[in-house]
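We call the chains A, B and C, going by the order they appear; numbering starts again at 1 in every chain.
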């Protein structure tokens, strides 16, 4: 089975962000970057599928600046065979432009499955997977929490609010991955060494027209500082009073 | 999980991408798999064996030994970073890995026959087999050359081993013990050879030492040998003299110099985070002068220790390092870590005596690290001799 | 003057609250750009046209019903093809939806089919000359981004709950349309949609959420959380990642960076320490109550009303008190 996984460099989830001096980006000083969370589940699923299914290839793609090379190399150290960087001068927030660049590269790649994380940690748009599929004319299933592929087709489960969908679809297809599919492996030290010898190709990204730009980034307003109103069950009457009179939710 | 301490002296910029990737991978493993369970394991006094397969899969055992033996083939700075990150979790975890790597796999690699290497090393890299290192004896710690464990060669080429070893990490769990013994009644340390003693050999007993207040998440055992019969091929053929076990100790001590940095970093990060949120007299305690001076001193010591070990690692990779340089690093870094751990425990106030916080666990562990692999004072004499040329041991 | 097409979401032939939000948002956008028409497009089995008529109350000038028995379940391929076709034939400047789970599935497909610029999950959108300027939370909600989107048409989805449905009655001329792509030919087939909550509102829609963390010590103790939710009456039950990782609650209950982001009127955190990853999922709740035995727990920094105590004592007492308060 030939699987492509589209991944992105994103800041580590535990970071407290500061806005950079330009006001249109975060201050990257001291920020740790890694493969965007949901993307790493997709990489793990792809590797497990190949390992269980007795053969095939996993290739990772990323649209990003040079800094994304380290991200791609992490995927290589997890066991991915080959990586391709579609290089941009600056991070791109326009989902359609990213999808164009990926579709141009993936076209004719002969992939049975193209995986995405359901949403990127930073841009948080969750659109590139579906858009890329549309450009490639492939079926797409978004945000799956269970997935099985084989014999030319796939079954998946998507969680809705208070419900779940069971879905069937033919391969080749694009699928975006939610949490719960697979826990990403730690790159083994041997894997880190082997990654150095694996191919990582860089080419310019064909973005087309970029129609979404950042005007400003700011930190959300702080909540008012927390208040402890009492201890133990004895504090309950006061809580109820406050919920009734102050918060007006009771 | 705490965000890691800031890389104050930008040491990351002189690490290669691989070295950083190795460090990050082990760090993530420790954050996710070790930290959540280590406080309880320490209180229960048990080594958390359940993490061994993951450590093996990560490839931490024998990481700086060659790929042809199933090892990761990393350089020594990467090996040091592995130790740093493991000990950022707990000294007991790092001790398990140090013993397996530097004190069992290394002697087999350095002194073993090709058959022994091909048989044991890949199995130990995957932790299918676990080893321990038997050098220290009940009456011979700082002075290993005085050991009385004795192996006598028989007419048929087999050996009979008699004696006892003490303070042996992994002893009760080990599938094989690398035991150092004098041979054929010769009391001089020139007769010392290394033997591979398998678990279950008749007359070989391993018993855990109880009542430890330090290194509790680690197996520490007594080994006893009562006329143990060993086949001819149990000897490590290229071993000879005290130099052989000391070479192993040099490997381990190198790793420990990095490990101590990890323990200090863990305590430091925890204390800084605590001091930022603990309000007293209407402001965080981190805003008071006494705490800030402590942080300044600790940060300085940690940075110095990092630079010592980093340079030492580069020398080791260039094939140029000396055991005396390793003594300087081990002595300095462990000593500074014991101070950092203690100061951090104090900054945590009453909370600092709870197992929920790591400072006191590290503080207690580091007492063992201060004492083993050459006590602080022994390293003082090694350095003293290196400086003056005069032997102050006797 | 710009016409706006609003995708009004249904499930099993019934309008969802997000449908009202989408039409309200579309109405506001149309009025802000010269007062064009709002066309609401609705998909469902036979009979959905009648249910959709109420969208006129919220500002729809036209309600386009696309009826087909396959639309008892979602059919993303034919639905997105039909929306795109209607947007083209109607010359719509904006296509508006809500970023519910279904909205997130449909909207990017529509955008790609139209080659349109796309702004996802916005808190607000304002026209600025030819462009649309939107505010959108990124970096796990830790950063608010103001983005400018150019090009016509523009597809935009609003965060669920960001727009309060507002009455603004319009004519709601009924139109019907056949699917632009035959649902029978869809490659992606939703075989069934199963309800998972037992009579409680979904996390995205509940005004009150009672959430449990590791402090409950074991799965069985979630009963305390459920009883408190029942006492409030209109509450949903949530969980932290620690708890869903252990398997005590399903992953779909998880509130946090990698789970659901919620914004209820009241969020009650029971036995939750307040890890950054969890806070990211609930920090925009209007009022936050926290009950935890550790007074140093980070949750107390953002809780409007914190009680330091044993959850096994405090929660039952609170449940009783809420029941009593509600019975008056």
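Methods note: contacts are C-beta pairs under 8 Å (C-beta built on N, C-alpha and C of every residue); 3 or more make two chains touch, one makes a residue touch a chain.
These numbers were taken from a predicted model, which means no experiment stands behind them.
Visitor: Most contacts: which chain pair?
Guide: Per chain pair, the contact count peaks at A-C.
Visitor: Measuring centre to centre, with centres taken as mean CA positions, what chain is farthest from chain B?
Guide: Relative to chain B, the chain with the farthest C-alpha centre is C.
Visitor: Round to the nearest whole Å and give the separation of the Cα centres of chain B and chain C.
Guide: About 53 Å, centre to centre.
Visitor: Can you work out the whole-Å distance between the CA centroids of chain A and chain C?
Guide: Result: the chain centres lie 20 Å from each other.
Visitor: Between chain A and chain B, what's the gap in Å when you average each chain's C-alpha atoms?
Guide: Inter-chain centre distance comes to 39 Å.
Visitor: Got the chain B residues that touch at least 2 other chains?
Guide: none
Visitor: Quick one: which residues in chain A touch 2 or more of the other chains?
Guide: If we look for residues of chain A contacting two or more partner chains, we find 14.
Visitor: Listing for chain C: what residues touch at least two other chains?
Guide: Residue numbers touching two or more other chains: none in chain C.
Visitor: Considering the complex alone, what residue numbers of chain A touch chain C?
Guide: Answer in residue numbers: 11, 13-14, 16-17, 19, 26, 37-38, 93-96, 99, 121-131, 133-135, 139-143, 145, 158-170, 173, 179-180, 209, 211-220, 223-233, 235-237, 239-240, 242-244, 247, 249-250.
Visitor: So in the complex, which bits of chain C are touching chain A?
Guide: 11, 73-74, 76-77, 100-102, 104-105, 107-109, 111-113, 115-121, 133, 136-151, 187-197, 201-205, 207-208, 232, 251-252, 254, 257-259, 265-266, 276-277, 280, 283-284, 286-290, 295, 299-310, 313-314, 316-318, 321-322, 325-326
Visitor: Note which residues of chain A are touching chain B in the complex, please.
Guide: Counting only chain A, the residues touching chain B are 14-15, 30, 32, 70, 73-74, 77, 185-193, 195-196.
Visitor: Which residues of chain B touch chain A once you look at their complex with the stated criterion?
Guide: 1, 3-4, 6-7, 17-18, 21-22, 25-26, 28-29, 54, 57-60, 63, 67, 72-74, 78, 82
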